[in-house]
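Naming follows writing order (A, B, C, D, E and F), and every chain is counted from residue 1.
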Amino acid sequence: MTDILTLAASNLLSPIILSFALGLFAALARSELSVPEAAAKALSLYLLFAIGFKGGASVAAHGIDGRLMAAVGAGLVLSFGLPFIAFALLRVMTNLGRIDAAAVAAHYGSVSIVTFVAATSVLESRAIAAEGYMVAVAAAMEAPAILSALWLVARGNRAASPEPGLWREILLNGSIVLLTGAFVIGMITGEKGLAEISSFIVAPFKGVLCLFLLDMGLVAGRGLRDARGSAGGGIGLGAVLFGLVMPLIGSMAGLALGLAVGLSAGGVALMMVLAASASYIAVPAAMRVALPEANPSIYLTLSLGVTFPFNLILGIPIYVAVAQALTGG
Amino acid sequence: MTDILTLAASNLLSPIILSFALGLFAALARSELSVPEAAAKALSLYLLFAIGFKGGASVAAHGIDGRLMAAVGAGLVLSFGLPFIAFALLRVMTNLGRIDAAAVAAHYGSVSIVTFVAATSVLESRAIAAEGYMVAVAAAMEAPAILSALWLVARGNRAASPEPGLWREILLNGSIVLLTGAFVIGMITGEKGLAEISSFIVAPFKGVLCLFLLDMGLVAGRGLRDARGSAGGGIGLGAVLFGLVMPLIGSMAGLALGLAVGLSAGGVALMMVLAASASYIAVPAAMRVALPEANPSIYLTLSLGVTFPFNLILGIPIYVAVAQALTGG
Amino acid sequence: MTDILTLAASNLLSPIILSFALGLFAALARSELSVPEAAAKALSLYLLFAIGFKGGASVAAHGIDGRLMAAVGAGLVLSFGLPFIAFALLRVMTNLGRIDAAAVAAHYGSVSIVTFVAATSVLESRAIAAEGYMVAVAAAMEAPAILSALWLVARGNRAASPEPGLWREILLNGSIVLLTGAFVIGMITGEKGLAEISSFIVAPFKGVLCLFLLDMGLVAGRGLRDARGSAGGGIGLGAVLFGLVMPLIGSMAGLALGLAVGLSAGGVALMMVLAASASYIAVPAAMRVALPEANPSIYLTLSLGVTFPFNLILGIPIYVAVAQALTGG
Amino acid sequence: MQTHTAKRVEIVIEAPLERRLTEVLTKAGVTGFTVLPVLGGSGRSGRWSREGQVGRAGGMVIVICLIRPDRLDSLLEAAFAVVERHIGVVSVTDCEVLRAERF
Amino acid sequence: MQTHTAKRVEIVIEAPLERRLTEVLTKAGVTGFTVLPVLGGSGRSGRWSREGQVGRAGGMVIVICLIRPDRLDSLLEAAFAVVERHIGVVSVTDCEVLRAERF
Amino acid sequence: MQTHTAKRVEIVIEAPLERRLTEVLTKAGVTGFTVLPVLGGSGRSGRWSREGQVGRAGGMVIVICLIRPDRLDSLLEAAFAVVERHIGVVSVTDCEVLRAERF
């Protein structure tokens, strides 16, 4: 326990978290500080490319572990399954309707890549190794949750006509393609490829992450500010509670499957992070197309304004400590 | 004297100055070379974050000097006071009206962060140490000058009704918040934090500064080009002269206060630079809101087209040489 | 021969080429992956600045070779001359009209800087030295081809009234000014200047190139996709064949002149690359102004969709191998 | 100068729907359209801004369509089928165009 | 298709004034607006361009507002109070909108 | 509020021609214009998008011009001289402006 607290404290005082806090503060104080949309997108492309490439190169270096397929399978199970737990919880803890609850549930089955990236950087700074293919698991977990959410809605509703082109769009969304593509490139070019471009994708990585989290803080803070003042009085207390409890539940499921697959301490921690995190890029866009009746401010506020900071600040140190304790790593 | 000339010559032939000159040339030659707005903003966010963080980390390393508060106080005095000198000079040297003169004066009381950044990089390349908290002084000097300018206008005019929300906007403007925030982060995370992200904020710093100055050259050149051809025949000779004399006067005030506070050679040089430089981002935006009747092309041309290049090319080497001579550093 | 194949294979599996392939794949699969326009422009500014500066610094280090002027002269001859060959070929191999053929021809006389950059990075990774001033040759080759194309059109047509301002616009286009400017800055500041900013322009260079090629792949793929489906049924087979044959012919001309000038193995290879490559930024913009009747989708598809990937994947290794064989380098 | 009556239809629509809308417009016989970026806005669903955003959700674009008056109805019906369930605003203005043969 | 008359107000205004203008519009009972980026322009105060700019001063944005005709006057008065002392241009066009209940 | 009739001319034109168009407009006595960015579009020459593009070719901008009605013809003639051989669309809408002395 003290261990977790020490970890959390040291985590709290890292440049990464403090940059996020700065963004949050600036937005809540209504500062006009802002990152241009194009710059934010460029930073996210960089992070996806770098994390994918490094994962692939690490797989190339350590050989394809027999557990890769099992880990991807576990990820798929989590992504398909967690929305059902989330949906049930939401229906109990909040007064969200079926559609809003299903839309929120989709976000929690899917993953937040930047939470994953922040976790890998915490692992690195503590010299805890993790399987490189966890990047592939992350990519695999992005989409299935959307299917579960649509099924949850269709069940209670008329048979929702599957929107043509939606599936291609979801499976080929930018972050899945770039993450998987960079992973494959890293696997093909291996350590040699990594050496060639490591002064671009390894050395400045953490600094870029700081700037990106500054931006995430700004966007999350703006969202919280506007939600607070919005017509519906913002999201309710039950929903906020859900946003804090659900990552813990998700992480337990991730823990169980991570241990079952036999991952290392780092791998288990990352599996917990993936299960605990909620999408805020790919799933919201898919929801606007597939479930336009769902209120975007609910799922965006929960995912970006509640669960993301929770995971970043408290969640990651907890998951890492638990994973280390239970794997003996 | 020869010393200053050698310094100026070596300064003149640094990649930083030459990049600025290239931008200036390209704009005056009407090349369509341009930096996208989003990229320019991203570069400036990077510079603010990096310079703030490094300042904070340096304070963490060397301990909070008893002189920090004194230095910040000196900065406030300069920022409040210089507009009065500038205003008086402008009324004598030019035929600008009260409002235009006050608006220009506000710019010279405030600071240009990029001039400050260029000066720190000159100090670094000459291995002259400076107090890390000079970054905090820079942040403190951004806003007060605006107050003085508004007072100058109000005195001669009806009581200018204070525009609601203007003060919050000025005090929380993007560069103050980011600079101060990064400074605090640097102070909290210290040398360890700096080590984590130094391949992002230290190693490539000077190169990024080159690209940013290329852009500044383009913008300044475009401004000069359009001012030359503009209806009013551009700004007068008196105003140009003011743009060259005022930084020298400001730097003398900065010198006096810097010596009084007991700063190191580098610190005194930076105090001179801050006093000598003129804002071109925060103050113009505040002036458009607070003094819309003031002609923006006058203050932008003076600040960005005259004083900025003067400080960059001649001013900085002069201030550094004088500071070294008078502190024995 | 086996040598070329080995080179081609190792080239094929470099992060650079694979990043391009990833972009191509994503666009053809209709993924919504995209790089913001401002970010793509910023990457290209970085590449131009870095390659120009490094070239200049290398000239400063190795002294101005008597062959510099001869090499620039050879470049001018190629840029003026190749459009005539390309035009004749196009009239034979395709059924393009005079105007379309002339517009395409202009692209092949001019150069693609990113192909040049990719080639320098291949040379570097094989430790083959090249003359730094090849950057100046590249800059010199951008514009003359446009003159030849306009002459080809004017000959068959009414005397094309020279569009006022067009020449200034072409000669001062962004990439010529930035490349030449950075070259001059590199030459002036030399090794010392390079050392100051090498962690910005040297270390991360290859990684930035990967991201830029990812974007080029996306843009090329989108072009191919749309050309395929377009009204005219896309470009014909003859045109595609031209896009593959012309670079080989160009490279032979570049080889002859490179050898005649007495360049090193690396210099000859780069001269071949310049001659073989086709412009896709500066010339298309000039053509829209000067020859608006020419169909842009033809020249863009050929230059970016056919010749660029051909050079990147097969051309460069071939040119390098041939240059090495024939110079004994 | 010779001009011809036409209609200018301006559709503010959520960015993730852009492709669907333009596909539907093309099917409805529209010969061209232009897509503009939007920085931010406000409506019944609250205030929003694109600053710092990475995802497409939560952003809007404007699609402008110049058409012959007799095609207006089929365009509006096609557009409405997409806009109906979504956030979005449609307005129509009378205008004059040069080169009517293009529309 | 059923459409309803409305007014389309387009205000070109200095970027630093954007927040003030939209606040005033909201107070004047406007139910929505859309903000567009502007690359550059020219007017009595000369030519300008956003390229390479970092600060907001020296840039403009466009605020578009669709409203019911009877609200036009109060909107224009509110807008004019902000635009009056500043650089800016206001134009009003007649238009038709779908879903009139939104405005 | 006191408004004055004017014309709003909207010209969609290839980005490399922007400077030429605005120069010609200025010569034709236009007192001001505003240039907007365009993300993409579609027309007789196919679909295009600015995403990831570096060069100006293959992109469009919109130039908006508010003018007094009596100046419309000379503006259209000037604009048409540039647009004629190029890709581009011109539309004109009736509008009302505040501060007519500006136009």
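Rule of thumb we're sticking to: a contact is a pair of C-beta atoms (placed from the backbone, for glycine too) under 8 Å apart; a residue touches a chain by one contact, two chains touch by 3 or more.
This structure is a prediction, so every number in the text was calculated from the model and none was measured.
> Give the chains in contact with both chain D and chain E, ordered by label.
Common contact partners of chain D and chain E, which must touch each of the two, are F.
> Moving only between chains that touch, what is the shortest number of steps from chain C to chain E?
The distance in steps between these two chains is 2.
> Does C-F or B-C have the larger number of C-beta pairs in contact?
B-C
> Between chain E and chain F, what's the gap in Å when you average each chain's C-alpha atoms?
18
> So what's the Cα centroid distance for chain A and chain D, whole Å?
34
> Using the average of all C-alpha atoms in each chain as its centre, how far is it in Å between chain B and chain D?
Between these chains, centre-to-centre, one finds 45 Å.
> Touching two or more other chains, which residues of chain B qualify?
Touching at least two other chains: 32, 34-39, 41-42, 199, 203-204.
> Could you check chain E for residues that touch two or more other chains and list them?
Expected reply: 36-37, 56, 93-94.
> Of all possible chain pairs, which ones touch?
Going through each pair of chains, those in contact are A-B, A-C, A-D, B-C, B-E, C-F, D-E, D-F, E-F.
> For chain B, which residues are in contact with chain E within the complex?
So the residues of chain B in touch with chain E come to 34-37, 40-41, 44, 165, 215-216, 218-219, 222, 226, 230-231, 280-282, 284-289, 292-293, 295-297, 300.
> Which bits of chain F are touching chain E when the two form their complex?
Touching chain E: residues 1, 3, 6, 8, 22, 26, 31-37, 61, 66, 93-99, 102 of chain F.
> Can you tell me which positions in chain E touch chain F when the two form their complex?
Listed in rising order, the residues are 10, 12, 36-44, 60, 62, 73, 76-77, 80, 83, 89-94.
> Flag every residue of chain C that touches chain B in the complex, lowest number first.
Chain C residues touching chain B: 36-39, 41-42, 45-46, 49, 53, 168-169, 172-174, 177-178, 181-182, 184-185, 188-189, 193, 196-201, 203-204.
> With touch defined as at the start, can you tell me which chain C residues reach chain A in the complex?
13-15, 18-19, 22, 25-26, 29-39, 42, 125, 199, 203-208, 210-211, 214
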